[in-house]
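First, the structure itself, so that you have it in front of you.
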Amino acid sequence: MVAPNFSETKYWLRTARTLSDALPYMRRYAGKTFVIKYGGHAMVDRELATVFARDIVLIKQVGINPVVVHGGGPQIGDLLKRLDIPSSFIDGLRVTDAATMEVVEMVLSGSINKTIVAAINKAGGVAAGLSGKNAGLLRAKKLLSEKGDLGFVGDPDRVDPLILKALEAAGIVAVIAPVGFGVDGETYNINADTAAGAIAAATKAARLLLLTDVPGVLDKDGNLIPELTLDQVRALMADGVITGGMIPKLETCIDAVEAGVEAAVILDGRVPHALLLEIFTSHGVGTLIKRE
Amino acid sequence: MVAPNFSETKYWLRTARTLSDALPYMRRYAGKTFVIKYGGHAMVDRELATVFARDIVLIKQVGINPVVVHGGGPQIGDLLKRLDIPSSFIDGLRVTDAATMEVVEMVLSGSINKTIVAAINKAGGVAAGLSGKNAGLLRAKKLLSEKGDLGFVGDPDRVDPLILKALEAAGIVAVIAPVGFGVDGETYNINADTAAGAIAAATKAARLLLLTDVPGVLDKDGNLIPELTLDQVRALMADGVITGGMIPKLETCIDAVEAGVEAAVILDGRVPHALLLEIFTSHGVGTLIKRE
Amino acid sequence: MVAPNFSETKYWLRTARTLSDALPYMRRYAGKTFVIKYGGHAMVDRELATVFARDIVLIKQVGINPVVVHGGGPQIGDLLKRLDIPSSFIDGLRVTDAATMEVVEMVLSGSINKTIVAAINKAGGVAAGLSGKNAGLLRAKKLLSEKGDLGFVGDPDRVDPLILKALEAAGIVAVIAPVGFGVDGETYNINADTAAGAIAAATKAARLLLLTDVPGVLDKDGNLIPELTLDQVRALMADGVITGGMIPKLETCIDAVEAGVEAAVILDGRVPHALLLEIFTSHGVGTLIKRE
Amino acid sequence: MVAPNFSETKYWLRTARTLSDALPYMRRYAGKTFVIKYGGHAMVDRELATVFARDIVLIKQVGINPVVVHGGGPQIGDLLKRLDIPSSFIDGLRVTDAATMEVVEMVLSGSINKTIVAAINKAGGVAAGLSGKNAGLLRAKKLLSEKGDLGFVGDPDRVDPLILKALEAAGIVAVIAPVGFGVDGETYNINADTAAGAIAAATKAARLLLLTDVPGVLDKDGNLIPELTLDQVRALMADGVITGGMIPKLETCIDAVEAGVEAAVILDGRVPHALLLEIFTSHGVGTLIKRE
Amino acid sequence: MVAPNFSETKYWLRTARTLSDALPYMRRYAGKTFVIKYGGHAMVDRELATVFARDIVLIKQVGINPVVVHGGGPQIGDLLKRLDIPSSFIDGLRVTDAATMEVVEMVLSGSINKTIVAAINKAGGVAAGLSGKNAGLLRAKKLLSEKGDLGFVGDPDRVDPLILKALEAAGIVAVIAPVGFGVDGETYNINADTAAGAIAAATKAARLLLLTDVPGVLDKDGNLIPELTLDQVRALMADGVITGGMIPKLETCIDAVEAGVEAAVILDGRVPHALLLEIFTSHGVGTLIKRE
Amino acid sequence: MVAPNFSETKYWLRTARTLSDALPYMRRYAGKTFVIKYGGHAMVDRELATVFARDIVLIKQVGINPVVVHGGGPQIGDLLKRLDIPSSFIDGLRVTDAATMEVVEMVLSGSINKTIVAAINKAGGVAAGLSGKNAGLLRAKKLLSEKGDLGFVGDPDRVDPLILKALEAAGIVAVIAPVGFGVDGETYNINADTAAGAIAAATKAARLLLLTDVPGVLDKDGNLIPELTLDQVRALMADGVITGGMIPKLETCIDAVEAGVEAAVILDGRVPHALLLEIFTSHGVGTLIKRE
């Protein structure tokens, strides 16, 4: 008779422990909505993009409802350049006139969005690309800046989750291009983080996951902070520990959590399978922000 | 006491008769799907486009499920020109290389599609724009020509109506850009008439309505033929009465009716409210093609 | 190529406009209950009666739930005469002893009611005749008059809409004879306008439509008043502008609107298709009374 | 300590046995339809009529769906006489001209029907009176006789149980006056036994119960036959044992059983609570006719 | 012709009256839960046990949901004796150490419970035996006595009716052994009356029926009291009229009624069909205790 | 900025891979029934028993419906010995007279069954213990042996899954003692493997998992065979490679697979988390037997 092999047993035990750890999360999150802002390296890197698409399919398979909101990429600048449409910037935001907006919409809704949809479908999922113009999904109002007219740059004004519910009911993953419409009939370009936050709030999501190109929120000594309450985030911002592009991201997280999202996470999108690790393991990957 | 005024009575009677005539059609078509190929003047002319959007909203309101499939327009050629991408044609079909396909998709999915969606929503409806890539809606296979390689020009290979059902259940009007995906992972440009016909067949539509820039099918003497059976259409084609662009349109109608669509109609999109007249009056506007 | 014919186009445009005007009403009223008091010329005139039956069928077809409450007619007097049962009147109300009540019930429930049901069924509908005695529909209490004993003349005391809901769920049009029952076990004759008003209140109807033999409410100069608020109606009654049989009709309208019916309309039943015009056109036919 | 009293125990045991015997029948018949032809002494005798109404309420309470079809009574002849409308008879059937039919309908639908409905409602039930004209319930064709024109005497031609299902779903007991309509638009008087049989067949009833003024089917020696198969009934009729009014009743039973009714019973309506005894005891009251 | 036989008529009338009396109770109790404590002679006597099983089946058949909680019997003492496990008692309660508890559980859950289940199934029912350990049904806490440690004797602490609802939904009769579990992981023996009372309270039962070996509650003169309010029960207990084992039974009844059970009944289980008589006749068998 | 730590990344990747591997199995098995024969070391060893209970809870949490059928253990022999009931054996089967059967049932249904239920509930699950006598679950027929009368040893004759469906619908895990009932009213002891196989067949289970004290099926050289078709199993048995207790286990597997169970697995119950590894990893633990 054969006794169970020892080294195999060790491997088995480790595998069993991982599963045993993951299963409760699946149970807890079944039927919940996770809004995922997708951009940066995770989107540009071909290999990471393939892993992302597979992870979305798996997350959907175990009963979670992922909603993907994607940002733009270098393609927008490329096409503007090819069409000789010059760009100026105010505070890092591209001033978006009508000609620019037309290009932005075509690239976001007509190119990047469809590429993500195709990748998820290729990985065995069923995804559908949506613009924020669809079925009143993202109504925007003009973003005002004291430093000049930003043109058709908008802020989410109202989110109508009707079409998201319809797709969820049909088992379809929504992939959203952050292009909104105004009551003035105009088209507005919306920051993808902000759009994701507004959609998370409107869908009472369990999580807002922002995939970024940094490890998460770092303390003064450059160490990753795994978890923060709203008050702690505000204190860090007041103390000047947090600077630069992390500030608007954290404001988006604060707004979402205050609007009823259970928690928001700044995730390192450069880690392969960052989504799976964040969702199904106890430690997580990045910084989780919750009410208290 | 006042007697009812005579001329008012006449107007009332006429109004009442129109309603009395229209109501049975509403009853008959309630819950049915009408696939509408939208293009040509009806799409380019600003005023007709506004009337079209309003009619779609009204048709939806009385319980019919309209599905709009739109064609391209001058914007594709314009953008190709601005980007210095040259085009060659085989039998009137644009040879579509990768660079061209990218532009075609951006214009169709990212610009024209969103303009139609916005118009319907502005008219009080709830529309959502879809590419054929969404949720496996339009799978295409490469269209082969003996006269040369057409590039990424495709023919519908399989239609998955899943997302159309989801939107219908949610009361949302689907507006579809005829861009498909191949099992090879490529993107294909599909003729809008053909795409509409395939979608009508897959959804067991009650009607396939092709909005055109002609009055309908004409006989030898140039008179409009209001109704034709499949056999009669084939006879007219064999006799050489029908020529030019009407031939592929009629072939699309034949295919759709043979695949189970109740009837197909070649409609004059230049007539304002052509949709309402076709659907809710006894005479109709254009040529109706049915099995027998 | 044939251009669209001009005079046809004019006709088409008019037709399209009528439809375009009517469709929103269908949408708005779908699933709503309209209680219609039917009597007078519209019931006695053979041709108008046929048109009425057809209109009821059409109204039902577009999703409205019509409930018909009919009055009596010359048949009651005729049968009383043939049976040598003498009648006396107090304030225009027939003093109804047991012998008279028996005749009234037989004529209302056994003859007029069945004639209306048969007409609607012949026009393609599915109607069922009901007495107020059925399933507790109309419980009545004796109407007291200072000028003498009116016998079995009753006022609605409680309405149980159970059977109306059952018929609506089965797609059946209810046609109601205004005969009620008392807790004393007696049968009571109820004025049809009053019965219709009580049923409209109990079913939270969208409309109470009273078909009459006058154009509607007229002002001092004999001109039709298209719309009145409850306060305006009360003012007109206080000013003595309204007199005679219009007073109890307006009191019924006031009671119904105060009890939650959206609006009540005094309609000219002599106009063919008065129901269709009132329901599906913007101007209406008669005087609409609403809260404010 | 008190021992259970003996004579009480005896009473208790008898009561328990009756219940113990009845309970399985309730189970077996729950949800089943019993069509009951109601007429004769059971209807004319005031006390029996009250007991009948109470029994109907109880039968309904334990989950059986009773459908009552009533006959006419002396009131028809009375009213014809008072109106000086002469009657002639062919084979015991009243020749029914238009004037007679009008009276028959008023008495059946407007008087007798409402009296039964009122009695059931008074006993705590919820009943609704129906004419066969309602919702296409009883379509009739003219009954032809070789001995002369019977006028508006009809035979059931088609039964549409739609409204019966609607009432059953709402917990309402249907009480039906056997007045039908023809495709010729005329009103027809139908024999109540025949109407009950046709309705039992159309509703796939578990039982057709004919309340009569005789003990049931008797053999040559005048003894009651408790149960007969279709073949036995036919043999008795061929042998001339059965004569007179029992013949058409048995033909109605045969037709019903052949059309799918589980069994038909000729019941003695003069026995108080005949319905309860027939339904809930093993021996029954009368003659049961079943397929084999 | 045969007239109905007189003596038969008398029998019929009596039968009809019993049914007529019973039917309203069936209606009233349909869908309600009756918790029945089963024990004593009714369980030990073979014939009574067969009648009990049949009655449970019949009660279930007419739509009542019986839940049976059984006590122990001589088998527990027998097995303890055979295993030489000695028993001591405090206030009539068996001191239950671990070895005793093991035997108690095996006999209750493994033997008596299964015997009852088998009897009901044999009588044509569908029963399932449950221990209070199942699906959290009966959580117990240790019963404390001032006179010594009772060991694993417990009192109901929390009842989770989940599994009872599941069985009811599937048409299965629950038969419960009064063995509970503690949060300490231990097994507890619970008095069957107390367990039945707690389950009746948790299921909002219409009745708690305690089958005993006495006629019910007796007054000073030894006469049965048919009905008592809570205040009257308390007064009788204060007056010392009630003594011995009846006291805890009445306390259980009081607790159940105060917790929302409509009424509790002390029944004489020695009367055959005691359940049927109590439930379906007006007089009942035993003493009914209700709020007021 | 902090770069992701390398050794953590390695751990993360391994974890992600395990999850990524497991997720498809969860999807595939969601809603499916897994019948698990539980016995041997996995049941006797305290630690393995705790792990087993936790695994059952986790399996249930991810949407699989586990049904546990347990065997007996040393307790049966112990109690028989304490009660001085002697046992004889035929072919390894205990001859089971009435006295023995009583003990077997008490130990299986009253002791072992409740211990497993308590363990699962303690691990956070909701389990209910069932005997095969419940609700007709396991009907048995006497097992005949040519070598003598085995007494109340039975074979599954008919399985009624009614109560299993009821518990599944309520989210309760069924734990089954293999005690059946005969049409003769007797109680039968059934082999747990056989009972599990019959239940798997009756519930159209996706898997029959037999937890044993061996690694699985071994080939001639003593190496584990991971997968076998029915034909291969039969060949191995014909070749004499398989001997002893493995033979009836494999016959049970063959029967189950032929009756529609997707696959049966002989599992090594001595491996901790054997269930999780078998269900959620690609290699599995033991020998899987499938149709072909």
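To keep things simple, chains are lettered A, B, C, D, E and F as they appear, and every chain counts its residues starting from 1.
FYI, a contact is a pair of C-beta atoms (placed from the backbone, for glycine too) under 8 Å apart; a residue touches a chain by one contact, two chains touch by 3 or more.
Values in this document were obtained by computation on a predicted structure and should not be read as measured data.
Both chain C and chain E are touched by D. When the CA atoms of chain A are superposed on chain E, the rotation angle comes to 120 degrees (nearest 5).
Repeated interface, listed pairs A-B, D-E or A-F, reference E-F: A-B, with more than half of the contact pairs matching by residue number. Looking at which positions face the partner, chain D and chain E present mostly the same ones, since more than half of the interface numbers are shared.
Between chain A and chain D, the centres computed from C-alpha atoms are 72 Å apart. Inter-chain centre distance (chain B to chain F, centres taken as mean C-alpha positions): 60 Å. Taking each chain's centre as the average of its CA atoms, chain C and chain D sit 36 Å apart. Looking at chain E, one finds that none of its residues touch two or more other chains. Contacts between chains close into a ring here, every chain touching precisely two others. The touching residues of chain C, counted against chain B in their complex, run 1-4, 9, 12-16, 18-20, 22-24, 26-27, 54-55, 58, 61-63, 214-215, 218, 222-224, 268, 270-273, 276-277, 280-281, 285.
The residues of chain A lying in touch with chain B in their complex are 82-83, 102, 105-111, 113-114, 117-118, 121-122, 126-131, 133-136, 162-163, 165-167, 169-170, 172, 179, 181, 185, 187.
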